[in-house]
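Step one of this worksheet: look at the structure below.
Chain nomenclature is as follows: A, B, C, D and E, assigned in order of appearance, with residue numbering initiated at 1 for each chain independently.
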């Protein structure tokens, strides 16, 4: 009843091709954004710094991987590597050009990662599926090794740790470094994530997105109807790595402020993959839902016993957390293999039919 | 049904659009095609028939560059080529549908058809990411073209349905739509009517004939329904075990004893 | 149709002999929201050939899958009604149990095992058989006898054979199980004309000689009604008409919509200038 | 080319290529006068590599079994190795059971686990795309890691089943200082080799083997011809669990039994793609190539670029092979048709 | 909210480093509990204990920090991250939040330079000091001359493992030995090639190891497998505990390690643990016998220093829960004399320590211990790292570089 689209006529293809053709969705999004901009920053620092920041950063990474895996169908486990590229590129750019605006630093970091992404995407022209996934691990391991080995990347710091220099936007609002307030960091990350999500949505709903999906769904047929596999796949790798690179830069600059290459090791890649699959392959919304799920769940699980007043040793909690986490992944896959985004969609369909069951 | 050869109005008959010469193709020990030669005139509907495993689909795969024959040449629009990538072939105006439906399962019917226009659409990631402006204009423009195809194929109702959920016949229709969206000069149809009932076959024939008449699109058609083949095609090639058995107008082919022997079983009316 | 011996009366009226398969008023939903079958009932008599006709999307495949219990693998479920095989509820059995008891389905769209050779494909069909290698071997010979083309391609990976060859392989594979009931989903799709006839001849032969029952979903109404004894017409998830094959063939609506011979002669496809206005039983 | 033939070719080609690579490396001192090369040392490196490789194969084998039989890329193989090893030492250390008894009991646990996985995870996910099943196995991984450690704790267990550990020197007459090999590695390699041969037979030449491959191709069609997925999956996962147990015992006595044991799976992945996901012999050949390759690279050339290159080198090596054979050396050809 | 001194603990009881993390956390936790049970807290102010699991993972460490920094009535007294990586990530935040980071024997060595790193404490010894001590020991064993000797460093390829490299290189220049480096990627399961190269090709006179977690025991096993003599194999203080040698069994006998505290099982503090905690089933370790193991002891030492810093602060600011800023004062004015240690029942475990505004390291000493198959035995006297010489210069130079990068002005400590 609430969710009725009846009466909402689209009178032009432009309207029909709009981002959110259904009014309720549009309003929902606006409300969500308003909450994100005005209400969330009022929350405690703990929430901002340990939940919302990693959530936004990982959502950007998930967007990146979703473009590659969810839309273009190229399974990748190299996300961590591309994120690391972005983080280190941002560090090099920021330290080499101290006056460069942080936004440009991030863009530059994205571009560098995109180039690296293209390089490591080349095998995808021949290798497919799980073979490709394992091959992308080569990128993962090699990039981290390289960043760890070449002192130039860390400006010859002996420990190999990079730490984000303080940078401001609009003159004096610091968004990175120790003096940046959590609110500023959060809003900046929010802006980046929102813009990137919008761009991803746009990319995926036009010709480029369709050629990605075509390659994903049936690569041979796609080629036969005239889609260039090379340009499409490498393009997907480039754009995906661009996103991952920015996510890596955000991680290093906004979230932890200092990283060593290990922060982007293989488990990070898997984490992003979970987000994408749990959230929903081929869904922008899914990237956010997945990121929220994977970031929030462990924190929730970790704090749950405390909230209900149980005191369980941390190691037992950690083990049980593992078990529950695993079990929940399986549970959600069984309930809806196409991810949270699909669950959401089915929910909406039910709402539309409500009060009838179907 | 006597007017089989009287090609309807269209470009001057006699102009050869495609010529395959002495094509031989084998996979390991299997000879899929042996010395096949035939030509396709501009604007005609050319049928390829033959028993299962005769090499019909392989022939289409050769024409659009998916298989590379060991021998022989292909001359398309006066240009002779040997090896070509399928996407290059597509860009020279060859579109096709597939025997086993090859739609993009994760997309809606409309998106599938829009994908067919990929060869003529711009791909600039920067404008696309911003969307407003050039990308939007191009989307809307191409959307209009695709909507015309959707109207034509009478699939308005399902344009937003994910194709995976569509019944077989409609999927075939969407696939035809996707091929048409490329505005091809030559359309390769691999058993477009398999799995359809009579009514749907009639519709499909109508679509094929209309496209052929209206746009002068040349058709190469593989079909096992002899009624359809004999009724709508201008000329028929018969393949058997990778060899060419006969070639000519439907009436001639249908009475060819070799063809009856190898394929039709009984003379077909 | 001279061979039909004793059981020829089996298909006269459903219910006369105990049906081997009966579907009672089932409802099927995919993905929890898409309602596809809205109360379908039908029966397959022991030793009968029953045709299930209907346009694209009418729900034929869904019905067959509901019987063979393959629906679950598609995230579909039977929400109402029941299906019984020899009086037993089907939904308590796994597909493999059903095959062991003699119900096998030939899936629409071939579904061969791509990486297995044709012969291996056929042998997997005999997986549930317990009657020894020589019996299996015999069946294999029988399949090769029916489809000589398969013998030629026995060593090729199924993924690399032509569409028609795969179709033969799918049908052959089901025959290898030595079934009592075969659910055939569009067996003629993609087959050359003489092979279509052949497949139906095989159906008749198995039916006559080994008393195998068939439920046959087919688009080619003409030939289906020629071989079947009884027919159901499905539209939009409902049975809209049922009756003896012979009766159905004479029905004017059936003639017009499914056989294309309304008002006497068959029309040339070239001459169908106007698009038919669909008439549906709703 | 048939697999048998290819294996034979490899058997001949391998020693030759080892020799040729050795020759190439022996020329290195011409370029770099500090380069250390003796044939004895080279052989030592190669044998060590090969023996390590076999241990990788042992883990890779578990992956292969399950992939071959159901098209599932079972990410939890590493976790199963850890899980099995934890139970094995747990039974031995905490319950004081005899190793043989502990082994049998653990095998039982693994079979139980397989049945559970089939019932709870695989059955509801039948006919889903491969990536979803892959994801589900990651869920299993977490679950097992958590469960194993909840039961047995996260301390290091020492696993000693009395295998010899001392170095052994061979061919002392031929090479100065002899060629050092590790006795333990040899025992492990023999066990792994035997395992592989048995499994190769089981899966290639039996009715079950054929059914397994059918399942991997198309779940629904397999169901439709009456292959009982339930049983098949329970069997395969049990076998994979037992392979995991053997791997766990071997790796566990090398590394001690604790959390990191699960990470040996990462070393098995390049082996897996190099050999081909679907081939049991491929797992062995892949292991040998990766093992020897990464050791040679690290030891002779790693120093030039900072060392620690083994990890990515294994993957790069595998990738290079893949560029020539996208399905891996022995994998089933990926069917591309329209 | 409960009143008391909030002392959060970062621990890792799971993950690849759990076997080493568990005894560490137990030691620290038990000591804090002991204070509560025996003395009713610090100067009568009860200690509020909370653990947070980091899994030795930097971002989870940051998360723990954020979660706990405002705990209790006055916020966290201090953090001991037990990870060089986490330490790096926390330095800036903690400084901004005015909470001391106590990186005992790990983290940034140059943080000993208190003028720049106000809130970071490295007592009793840094990695640089440790590396120097190791070389001093080797030099003594080699009869005072290292020229032409070959020394290999096997290290965890992370910020942690890289710390000693600069020092060792510096000393190589000075002493004339040859240094070769062997990075081991995390977590260090596969070291065959490293050891084949060490044992059969490079054949160094000594191997020093900066390892952690499974890496250690694997290294010892592999070293034995190539026949490298254990007597010439020295681990740093994070590579010299029971979980590192026990899994290697017999072959680990003779292995040496650096320590900045003593080996002891039956000190008064251990007795107290047993009577006040384990007798009542309140101890954290599974088994009483683990009380007194190397890492357990280290946990105690950590807790002793941090609680004594709190006590020092209370003595100054009054007996109530201290804020981070006050604890920082406590650290800078901490003076653990031999008498004080005796009173705490720690003689033999710790050597005296005294910190100041400029010196956050406090002059700790190191010694070499050796594994005899059952227990660790001292193999050298206490060695005084060369702080008077190059070390303090190096600290200052490095810290000043950091200050420049961050645009900080060092404080004046007079």
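Assume a residue touches a chain if its C-beta (ideal position, glycine included) is under 8 Å from a C-beta of that chain, and two chains touch if they have at least 3 such contacts.
All figures in this text were calculated on a predicted structure; none of them were measured in a lab.
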Partner chains shared by chain B and chain D (touch criterion as defined above): A, C
Farthest-lying chain, centroid of Cα atoms versus that of chain C: E
Chain A and chain C, separation of their C-alpha mean positions in angstrom: 48
Rounded Å distance between chain B and chain E, as computed from the means of their C-alpha atoms: 74
Chain C-chain D separation of Cα centroids, rounded to whole Å: 45
Where chain C touches two or more other chains at once, by residue number: 34, 160
Multi-chain contact residues (two or more partners), chain D: 149, 154, 306, 308, 311, 337-338
For chain E, residues contacting two or more additional chains: 13-14, 18, 22, 157, 185
Set of all touching chain pairs, with the criterion as stated earlier: A-B, A-C, A-D, A-E, B-C, B-D, C-D, D-E
Chain E partner contacts - residues on chain A that touch it in the complex: 45-46, 49-50, 54, 145, 148, 158-161, 163, 165-166, 177-179, 255-260, 262-263, 265, 299, 302, 313-315, 317-319, 322
Sites on chain D touched by chain B in the complex: 338
Residues of chain D touching chain C in the complex: 126-127, 207, 210-211, 213-214, 216-230, 332-333, 335, 337
Chain D partner contacts - residues on chain E that touch it in the complex: 13-16, 18-19, 22, 157, 181-185, 187, 189-190, 192-194, 196-197, 200-201, 213-214, 217-218, 221, 224-227, 243, 246-247, 249, 251, 286
Complex interface listing, chain A residues touching chain D: 69, 75, 123, 126-131, 133-135, 137-138, 141-142, 145, 148-150, 220-221, 224, 266, 270, 273-274, 277-278, 281, 315-316, 319-330, 333-334, 337
